[in-house]
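I've put the structures underneath this note.
Paired with chain B in one complex and with chain C in the other, chain A is shared by the two complexes that follow.
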Partner chain A sequence: MYVIEVIITNKENVRDPEGETIHRSLVIRRGFNDVAGIRAGKYLEFRVNKPSCREALEYVKELCYKLRIYNPVVHDIKVRASGSDSCD
Partner chain B sequence: MPLTTEELSEIKMILGREPTRAELSMFEAQWSEHCSYKSSRYYLRLLPTTNSNVLIGPGRDAPAVKAFDRFALVFKIESHNHPSAVDPYNGAATGIGGIVRDIMTLGAKPIALLDLLFLGEPSNHYANWLIRGVVKGISDYGNRIGVPVVAGMIWFDKSYNTYPLVNVACVGIVEVSKLVNSVPEAGDLIVVAGNSTGRDGIFGSSFASKSLGSDELSNISAVQVGNPLMEKLLIDAITEATELGLIKYMKDLGGGGLATALSELAADHNLGAVVILDSLHLREGNMSPEEILVSESQERMMLIVASDRLNDLGAVLKRYDLEYSVIGYLSSDGLIKVYYRGELVANVPAKELAKPRIRLWDIEIPEEYRSLGRELRIPEVNDLSHALRKVLSSPNVVSKEWVYSQYDYEVGIRTVIKPGAGDAAVLRLMEVSEYAGIAVKGDGNPRYVYLNPFMGAANAVGECYRNLISVGSKPVAIVDELNAGNPEKPTHYWYFTQMVKGVAWMAQELKLPVVGGKVSFYNEDLSNGSQVRPVTTIVGVGLIDDVRKSVTYSLKNDGDYVIVVGVTCPELGGSEYIYRCFGLEAGEIPLPRPSSEILNGTYVSKLIDLGYALAVHDVDVGGIAAAISEMCVKGMKGVMIDLSKVPARGCSRFDEIMFSESQARYLVEVRRDCLGKALELARDLNVEVGVLGEVHGDELAIRYGDLDLVRVGINELREIYDNTLERLIEG
Partner chain C sequence: MIRFPGSNADLDVVWVIRKVAGVNASLVWHKEFRHGIYDAIVLPGGFSYGDWLRAGAIAARSEVMDEVGEDVLNGVPVLGICNGFQILVESGILPGALLPNTSGRFICGWVKLRLLNPRGPWLKLAQHGLVVDMPIAHGEGRYYVDEEPINRPMIKYFDTNPNGSSYDIAGVASESGLVLGLMPHPERAAEQILVPDDRTPGGLIIWRSIASALKEGW
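Showing the complex of A and B:
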């Protein structure tokens, strides 16, 4: 069993009202003025039965695309093995 | 760049010099099809737009019609087809945001939303994703701003598999004396309130004014993300500022951004403007003037305020935590002068910028259209029960509860007739009086338009008229949305011209002014560039003196009579029946019948007003058989109807009477003790009616004289009607 993490955010040049609102209405308002920006997103954790981490990673990547868990036009997606960027 | 070589040389002529980059961007945005209507304006002149009820006709961001003396209804339709094809969730959501702001520009409070969706097959994987995204986008945005989605329609067709049509409409109300409709003057200040301006949505209008190629999918600067909480603040702040009379004039900063809003505002009032872009609150620091001028960042409004009211307006905006900037003032020289970092970056005559030359394209009747089968050969059908099940289970006929249950349709406690209960939604107008109300509904049928764009568009007007009549309202005005293909292709442009003419003719005949509308071109399949099925959608409003008299279409009482109003002709061309049972999309579609619409509509209105009618349902897609099934399911009551009592002309088969989609017809449940009076009234008015049978039991039985044709239990009908769509979409 491998734990694969998926993080979906709006692309850099696509607006993120949720992040903006947290930034403006909570963080800045409470005086944490050194925070220059906030991006909100979605985090999914897949527990995958595959013989190798790499296969588990590819499997999740494929299903995210095929099931349109994200919209490639709007979102950036990060798929990684739990706690690290690669399987190594 | 969408500007053509001729347009470029025209711009040089206007300016007498080479345009600056900022000027070019402004021209490109404003001269886009989306903002300037250059390919449609010529034909739109055909539409009847005025009568004594019309306070503000086409030309502003939204029109207004009189309602109950002191009040005005402001309503408008808009399409967000391109954005929804690329990003269904945000595309549909920002469509709602835009139409709501259009309504607000006249100072009206938005009270209801409608959505008219043309979606692909639920079984198609990609189309299914689009369907879910569009519906979720509308519900999230509508629910969060607290404006109920009360009505609409959905049509499924494979031509929309990669490219949906998303039309949304909004209705607002305002006291006539509070309409934001003053004449702006030189010296008035230009205020931009709401969201900060960023790079998002740059050139959205130009993007919507050409075909989407697959490479366009990476063109993400046109993607806009809605912020419904910001919109809600804008609604509340502007409602308050309007109440206090602080705003002279308003424009939505929508398609074309500042460039469009400034040029239209100035051109409409023979004014100019001086704008200091440095004053505008920006999201990103390093934007160029051309980016700022054409950014379509959502949730922004342009407010024109007299200089001595600025402080009061600022106080209201601040109280709602809304950012705003005073970006300049109106001038009298007719020039739009834009400064940035101390430099004059644009100096353009407003009138020339606002209205590019009309473009007329070649027209050609498509070969596909010429070769459509006009003569129908329909096989004999023995099992009419099976045929009824097929028609009733069509996604175009079944209950759309899967969709509207995601919408908060009751917020605001106005909704008297809810989605799925009547032919139109009915809303109370508490501002006017305890029982005053309005009806709203929208319609369109792409199959009819495909088979005959003129009559198909005309029938959409007729259908909308009937729906407004059915609930007991008096239709007052309509808006139209013309969804068409690529105007540069003569065969696509032909559909557009035919549709406008159809709407114009029928609206004239029914005396319904077309007070506003929208044209959407370049609706083409992402994969092959073919035109997605063009369609005209019509949204209408009607007035109701007493909402307690409005009626739904559920059968009410055992022993009451069901009558049919209007004549049934053998009009199966383009019907749901021949599509579902034989896969045919052919034949002549039902003829628009304006004089019958008026006569029969008048009769039904009287039945409702006199209290004789307890349920009314207009007969449309699926014919009498589908209409009576829906009335049974909604009331959970059975009925036995006799088709030999239907006033039918030229029909030689049972299926023609059952499934014909002849226009100008209604089914009405008449109170048992009022049947005699109802029939007498029909004789007096010369309306053809037939008494089909009595409400009783728990099955729908359809007979012809002594011959049994259909027997289906109400529970089975209900199962089909209520659950099919969810099964199709959820799989």
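Showing the complex of A and C:
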């Protein structure tokens, strides 16, 4: 079994009120002024029964697109093997 | 009227269709809905599937929306109110996306709306530029599009933009007006007893339009 991570965030040009609020009302307010910005998102972990990591990755990419796990109008999506950007 | 797990404005809409529009209405559980049976479809407000993933996202990929898509191809009018609008957008039947309000808060209250390019069964009786009152009640109503849709019926917030929507858009239709989605609740603005003293029942234009359209065409 392989663990595939999916991270969904708003595109850069789409405002993210949750990230902005955490940044402004918590982080900057309490003096962590070197934090230039925060983007909030959604994290999903898929546990996939496939013979290889690469197949598991492709499988999750396909379902994210077909089931519209993200909305391509407003979201960026990262699909990656657990803990790294590739299966290597 | 299609009911999803988590719909909560369904009975209000059935009431208004029967009592105000004077049209027969059935409440149909989403698993039992089949295309080719009904003259018009309403997707109600509420929180289908608990708004998990994103508001409307799970309902939009459920089997019933394949059936609704068949009816749309065959010219059946569809209205999506609030969560119903979110479902239509998530399913790709209407353009754009609906995001959490810029304020980060659930908002509810009455707003003024302007109807633009009205046509089709749901806005048949409206004139271009008509301003009406309706209440809103949503947490994820910030309509987002890259470019302003052109040549479509649209409903825009008139005096104030409550949620950060692109181009003040509160509702948008398909080009012909056959499919209309909007965040405000026309079913809560259809009877005087539910309308504050300084407002008018602006939802009536939609219910009277669909009643006329179903009887005499549009």
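What we mean here is this: the second predicted complex is superposed on the first by the 88 of 88 C-alpha atoms of A that agree within 3 Å, B and C clash if a C-alpha of one lies under 4 Å from a C-alpha of the other, contacts with A are read in each partner's own complex, and residues count from 1 in each chain.
We take it that contacts are C-beta pairs under 8 Å (C-beta built on N, C-alpha and C of every residue); 3 or more make two chains touch, one makes a residue touch a chain.
Just so it is clear, the structure is predicted and the values come from calculations on it, not from any experiment.
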*Which partner does A:P17 reach: the first (chain B), the second (chain C), both, or neither?*
both
*Using the superposition on chain A described above, determine whether A:I69 touches chain B (first), chain C (second), both, or neither.*
second
*Of the partners chain B and chain C, which touch A:E55 in the superposed model: first, second, both, neither?*
neither
*Taking the contacts chain A makes with chain B in one complex and with chain C in the other, which residues are shared?*
10, 14-15, 17, 21, 68, 71, 73-74
*chain A-facing residues of chain B, complex*: 86-90, 129, 133, 198-200, 217-218, 220-221, 223-227, 229-230, 283, 297, 321
*chain A - residues contacting chain C, complex*: 10, 14-15, 17-18, 21, 42, 67-69, 71, 73-74
*Which bits of chain C are touching chain A when the two form their complex?*
53-54, 57, 60-61, 90, 92, 95-97, 99-104, 144-146, 164
*Across the complex, what residues on chain A touch chain B?*
10-11, 13-17, 20-21, 25, 68, 71-74
